[in-house]
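Okay, so subunit A shows up in both of these, paired with subunit B first and subunit C after.
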Partner chain A sequence: MSSTGDGDAQSVLDRLPERLVDATVLERLGIAVASTTAAILVGLVIVAASGYSPLLFLNNLIVGAFGSERVLARTLRLSTFFVLTGVAVAIAFRAGVFNIGVQGQFIVGGLSCTMSILWTAPFLPGGTVGGVALMLIGTISAAVGGGLYAAIPGVLKAYADANEIITTIMLNFIAIGAVSWLITNPFGREGTTVVQTESLPENVRLPPLVFGDANFSVIGLGLTLALVVAVAAVMTRTSFGYDMVTSGYQASAAVYSGVDAKRTIVATMTFSGAVAGLASALYVIMFQGRFVEPASIHTYGYDAIAVSLLAANNPLGVIPAGLLFGGLNSSSSYIQIYSDVPVQLIDGIVGLVILLVAAPELFRMAAKRAGVGGEDR
Partner chain B sequence: MSVVDDVRSRRFGTAGLVAVAAVVVAAIATVAFGVPLARIVTPGYVARSIQLAAPITLAAVGGLYAEKSGVFNIGLEGFMIFGAFFAAAGTYFVGVDGAVGAWAGIAISVVLTTVLTVLFAVLLIRYKANQIVAGLGVWFVGLGLAPFTASIIWGSRNSPRMPGVGRLTIPGLSEIPYLGRIVFDQSPLVWLTAIIVLASWAVLYRTKYGYWIQAAGENPEALDTAGIDVNRVRYAAVIFSGAMAGLGGAVLLAHSSSFIGTGQTMVDNRGWLGIVAYLFGNYNPLGAAAAALLFGGVDMLQGQLQTINIDVSPKLLGLLPYVVVIVVLTGWGKTRVPSSVGEPYESEE
Partner chain C sequence: MEGITKRFGDVVANDAVDFTLERGSIHALIGENGSGKTTLMSVLYGLYEHDAGTILVDGEPRTFATPRDAMDAGVGMIHQHFQLVEPMTVLQNVILGHEPVERGFVDEERAREDIAEISDRYGFEVDEYLDVPIRDLDLGTRQRVEIVKSLYRGAEILILDEPTAVLTPQEVDGLMAVMEDLRADGHSLIFISHKLEEALQIADEITVLRDGHAVGTVAAAETSEQELAQMMVGREIQSDREPRTTAPGDTLLDVEDLRVTGDRGLEKVSDVDLSVRKGEIFGIAGVQGNGQSELIEALTGLRRPNSGTIRFGGRDVADMTRRDRIEAGIAYIPEDRHAEGLVLEYDLVKNGLLGNQTLEPFANNGLIDWMAVRDHAETIVEEFDVQPPDADAGAASLSGGNQQKFVVGREIGHDPDLLIASHPTRGVDIGSIEFIHDQLIELRDEGLAIVVVSSKLGEIQKLSDRIAVMYEGEFIDTVDPDAVTEEEIGLLMAGQRLADETEADSEVRQ
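What follows is the complex of A and B.
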């Protein structure tokens, strides 16, 4: 802390996430449910004000998420992406680092996954053995790519005091532009105007098993859940995780107990970005089978912020929160096809959820006024 | 007052350095690589760059007021989207053609965006919302609801063609070579922006209100002790920031032809550049305007390079401002953030 002014200001920003997790589990659950319900209610009012039927819209929301085996597979597929990106955000927020750059890390991770598979495929045998090897290579490359891309803002924050909120957002824009240029020019597919890479080889795919949907595999879901549990274990059961979480809650205590604050920031960002990369590996291998124009990819990395906050930045809590977002986005595809309501409303509702989750005090005061209590919690 | 003096002595620091660097790079390009600079930096190019810089400048001036007062308004991008949309919808429903319709749209837009900002300010100040998360929320609400409402009104996320405000041509002066086209044959909104920049600089550094705003961010306890309501000062600053971002969006619309609601919408990250512009200008309105001008110039550069047959991918050139931002934050990252930013203030009674 050479210059006191900078140090103070930095620690103010560092303390911000802390206030969000400063609540009991039950209270957080109440706030999450209340925010989501309030946001959907506002959405229904907007639907009614626009001259559509709110009941039909609500019905479409539910049917579009869980109404048939086909949409359920879609909901689960989308949920895996939200859960994994949500966990990536949760890791960083827990450690008091504002990684807003999960979208960029997802994009860079996905491209490294795709290109590493395409480049090594000619040297490996076909069939299942080669396929599994390629998927492993792709998954590792994705984690490395996402991790390294996240390490950049980590290093800049730790050693140059550059605000990670701004740098990660800028790196998101850079990832979109640069990857888009890469797959238009050197890495693009020959003989097509569509911005995309070559398709992955036939043997690189996860078998669908339970659901008859080629874009969703129960194996992918299982790997997602396993990764969530692994991250939760790292955060709570290892000294690395302990150092990270302590840095987030009480930076000065962490430093006092011998934690290297700068290295922890870089390690946290790298870990967070690696998980974002893994999310993208699943996105590429299970779903797309190639890499596509990054600007057209859904904003998983940004929605993941809401997912993580709904879960109070708890990796296990991210599972239900991710399922909620998977459901909302699945309905969004349904509504686009079967209803006249412009689908951008769903994005607006997601924004309202984020806005409301940011203000837990709103619900505390409302609960107090309604006599539900809350003082004794 | 040592804090204030410290900030003021560095007021043009970063922006000035970059301006010098830009001139040096341009000189090297001309001398060493034979780039015909005169064909790039035409009066039309400079005039257009200034027009593109105006919305970024307005958002930046608003944002720095909020942050000076201790509230980080990271929702500028969202408020700009609302501003552009409200201006288009306002002009559309007023239904008057020509500049009058455009001005009516701008006025309606500022009023409506201000109303939204009041709600946002209540959430931040009264309900102590997390400023960063709530700001991101505003961005998403804007990205969703503006195109949604556009679809309801026009049946498409893009609006039909809207009237502009035209140019303010001053007879005689506009005939001056080079400068005439840039200054005296310019959009009236550029003039408005320039006036707002100068006025906000004067208010911030030359009036007691300006000192209140700075104190609300630097030392709220002292301000409270002096009998000034800290949260009232913060409300005023945050509401001003939203109004300016809304005006920025409206200016953006007036300088183009129609509202575009696809993708990142027509605002296309200019709100984020606004935040960076004021960090870059070290919270000084003049420095922020200089930084915004740099972004406007880079934005226009691509078309200009194509006219002299230098083929640069627009995708890659478009990334230049973002790279500049990271380099600047890293190299001169020690922007002195007001010490109480992000902290809700509760009076001790």
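What follows is the complex of A and C.
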């Protein structure tokens, strides 16, 4: 402890990163809740300063996320997409590979899912059995499509030393352009000017069960959670996961332990892209029922980067982070419809919430990287 | 420094330590790893805040909250692990944070002149490398860059934290000369080491730390290695070669005509032949950078040889991957435990799996059995006396000696047929060195084939049944450790064959 009084504030500041590094999971959750509250309070002040009612805004914020069965279903639907794409990003980031291309893999996976179902539907019986079979085919195709599309930048990085941040971003644009052309021309729906594919057959759908909203199914939520748990298990309980995570922490030690660095990069990207594809399969089967103009799809793949960082790239942590994003997105469309607060202000406040929630985690990671906390004697 | 106390939680790293450095002298600070040397110096350098005690510079009490405060007071520190930005050039590294500025632009010309002046004054060749990125320099040169960096920032007091740990014998001599020049020029130096002979050779005074206490300060001229060693560990050290009672068996490793290319496209290993028998320790001596690292990487599967055969138990393994070789029974104690041997952010349990992640019983069909891994890590911690005895401790929190004991324990735990140990006791305290040596000898007696690379001649001579000396990528000679002196090995390491011995003795050595 410092003996001088005026040094105390300084030393508290100095110790803050150390404290953050050592924080437990529960403490971190507490920090996240406190940050969210603080950010919303600041947001309300801004709303009031802009001449709108902060009480109405707060009301809309809550009602827009949980206020009715319909908005709750929307929140959960959006959350599943954020969780799944967030997990896809987390896999790659954990392994030290920066996959910024989840959006592109999502789009390619979604088209693979849609087209494989449309092409095989005529050969399968109708009814539930045929529907389940088609959904399985679509899901597998989505994983394969997303995985292969992600393998391209993986191979380029491993064997040609191409920076994956750049290649994955470029491949996002290629995916949007190529898929947009495909569903405008050869794969497009006949007799309409709307850029979209044919609709999936009637038997390809997940029943809502609990919520009376055709766009959201509890089965989809269950499958999402199951996939998250499966990914977490792969990362922590398999040799493959240990190879990946160790490569992310310390590549030289991984190579020493017998990891083939190049193959691990390709495998990581493929795994990450496959999960992005699965996110898209859920998007197509549970929500859209067809594939639409890719440029019009929400940027789940980019938001997923924030979701993953918020969760410190921990697959399980992605669940609360995805829920926060789902809730905020659901609220923001509600506020847009039911109040005259401009969309820019809503986006700004949503951004503020994310920033404040992410900041402690980012500091924590930065402090960890800088070596604060562990003694190096 | 008077009565310095520093605690980490319940651990007292420094307990009321007094330390006085005279102007224009070299003061060695010695002690085992974990005895608190680095902590004490980190307090002086403003990296840690001390819990009690005062620091006086020229009689004035000072507190250093950050290294910058310490630097402003003329204290510079050369860390054991260099604090250099590898992709940046020497010039950029030296001036980083203290750039001479001319109308808002960095005045490179002035920086060049200043650095050239410092280099010339102490006979450094650093100014020749000003535009070379750090990553292309060898460790000795990087260290001189660090020293120049401190001097450039106006350091009067230089703290050198285990500066010889990474150097070859020649580079150590060079460093000693530099330190003498610095002393002659009025600088005061603190030399942290656990190599007793180096401390005796260079220092004016020696302070010994043990378990966070200053055991005593003695004048270097009035003490002996034996006395210092006793102060350090509190017991006698046995370091002589003992005659062996077992005999080596059949040949296990047989390497022929091996050629390996290094990182910069140059051939680093040229036509090396070697064979190692079961129950034999084969020592490879040589000045660092003569191809030992590349040879070891080729043997362990981390680097693909250009040509030649590596037969292990009769099988050619030259094209096998590292993982296949681990599974075949080749264990490897790596040169750099921080980069390779351990994942610093993992605890010991997770580190216990490193290299084992495909081996039973730790993994079955790709699934990890963490209970088995934990048992294994706890066994290593217990059998190898790793401190603290806690498998959940983070690898980064252990002292160097304990990290190394863990790595050695894990590699032996592979139950290998061949153990390749690269600098197995580098940066390790005396107690742990003895322990690791005993382990290696015990394994040899059990019938393991062992290859040891070390820059410490005493170690090579103590352990080896045969010693190969490597020079410019070739084995210049293979000698019997009982029939050769340290001086003779030194000559071989400098590239002179023993046939020229009489001539070489009268000539100035290279």
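By our rule, the second predicted complex is superposed on the first by the 290 of 377 C-alpha atoms of A that agree within 3 Å, B and C clash if a C-alpha of one lies under 4 Å from a C-alpha of the other, contacts with A are read in each partner's own complex, and residues count from 1 in each chain.
Rule of thumb we're sticking to: a contact is a pair of C-beta atoms (placed from the backbone, for glycine too) under 8 Å apart; a residue touches a chain by one contact, two chains touch by 3 or more.
Fair warning: this is a prediction, and the values are worked out from it, not measured in the lab.
**Q** Tell me which partner A:Gly258 touches in the superposition: subunit B (first), subunit C (second), both or neither.
**A** second
**Q** Tell me which partner touches more residues of subunit A in the superposed arrangement, subunit B or subunit C.
**A** Counted on subunit A, the partner with more touching residues turns out to be B.
**Q** Quick one: classify A:Met244 as touching subunit B (first), subunit C (second), both or neither.
**A** neither
**Q** Pick one for A:Ala311: touches subunit B only (first), subunit C only (second), both, or neither.
**A** Touch status of A:Ala311: no partner.
**Q** Per the contact definition in the header, classify A:Ala160: touching subunit B only (first), subunit C only (second), both, or neither.
**A** The first partner, subunit B, only.
**Q** Could you look at A:Ile354 and tell me whether it touches subunit B, subunit C, both or neither (first, second, both, neither)?
**A** Touch status of A:Ile354: first partner only.
**Q** After the superposition on A, what does A:Ala90 contact: first (subunit B), second (subunit C), both or neither?
**A** A:Ala90: touches no partner chain.
**Q** Residue by residue on subunit A, keep only those touching subunit B in one complex and subunit C in the other, then list them.
**A** Common interface on subunit A, subunit B vs subunit C: 10.
**Q** In their shared complex, at which residues does subunit C touch subunit A?
**A** Its residues touching subunit A are 8, 13, 34, 36, 38-39, 49, 51, 63, 65, 301-302, 321-323, 325-326, 332, 334, 336, 339-346, 350, 353-355, 357-358, 363, 366-368, 370, 394, 396-397, 399.
**Q** Within their complex, state which residues of subunit A touch subunit C.
**A** Listed in rising order, the residues of subunit A that touch subunit C are 1-2, 4, 7, 10-11, 237-240, 242-243, 246, 249-250, 252-253, 255-260, 368, 371, 374-377.
**Q** Using the touch rule from the top, collect the residues of subunit A that touch subunit B in their complex.
**A** By the definition above, subunit A touches subunit B via 3, 5-6, 8-10, 12-13, 15-17, 19-20, 46, 50, 98, 100, 156, 160-163, 165-167, 169-171, 173-174, 177-178, 180-181, 184-185, 295, 302, 305, 309, 342, 344-359, 361-362, 365.
**Q** Would you pull the subunit B residues touching subunit A in the complex into a rising list?
**A** For subunit B paired with subunit A, touching residues are 3, 74, 78, 123, 127-134, 136-145, 147-148, 151-152, 157, 261, 263, 269, 272, 275-276, 279, 313, 315-316, 318-319, 322-323, 325-326, 329-331, 333-334, 336-343.
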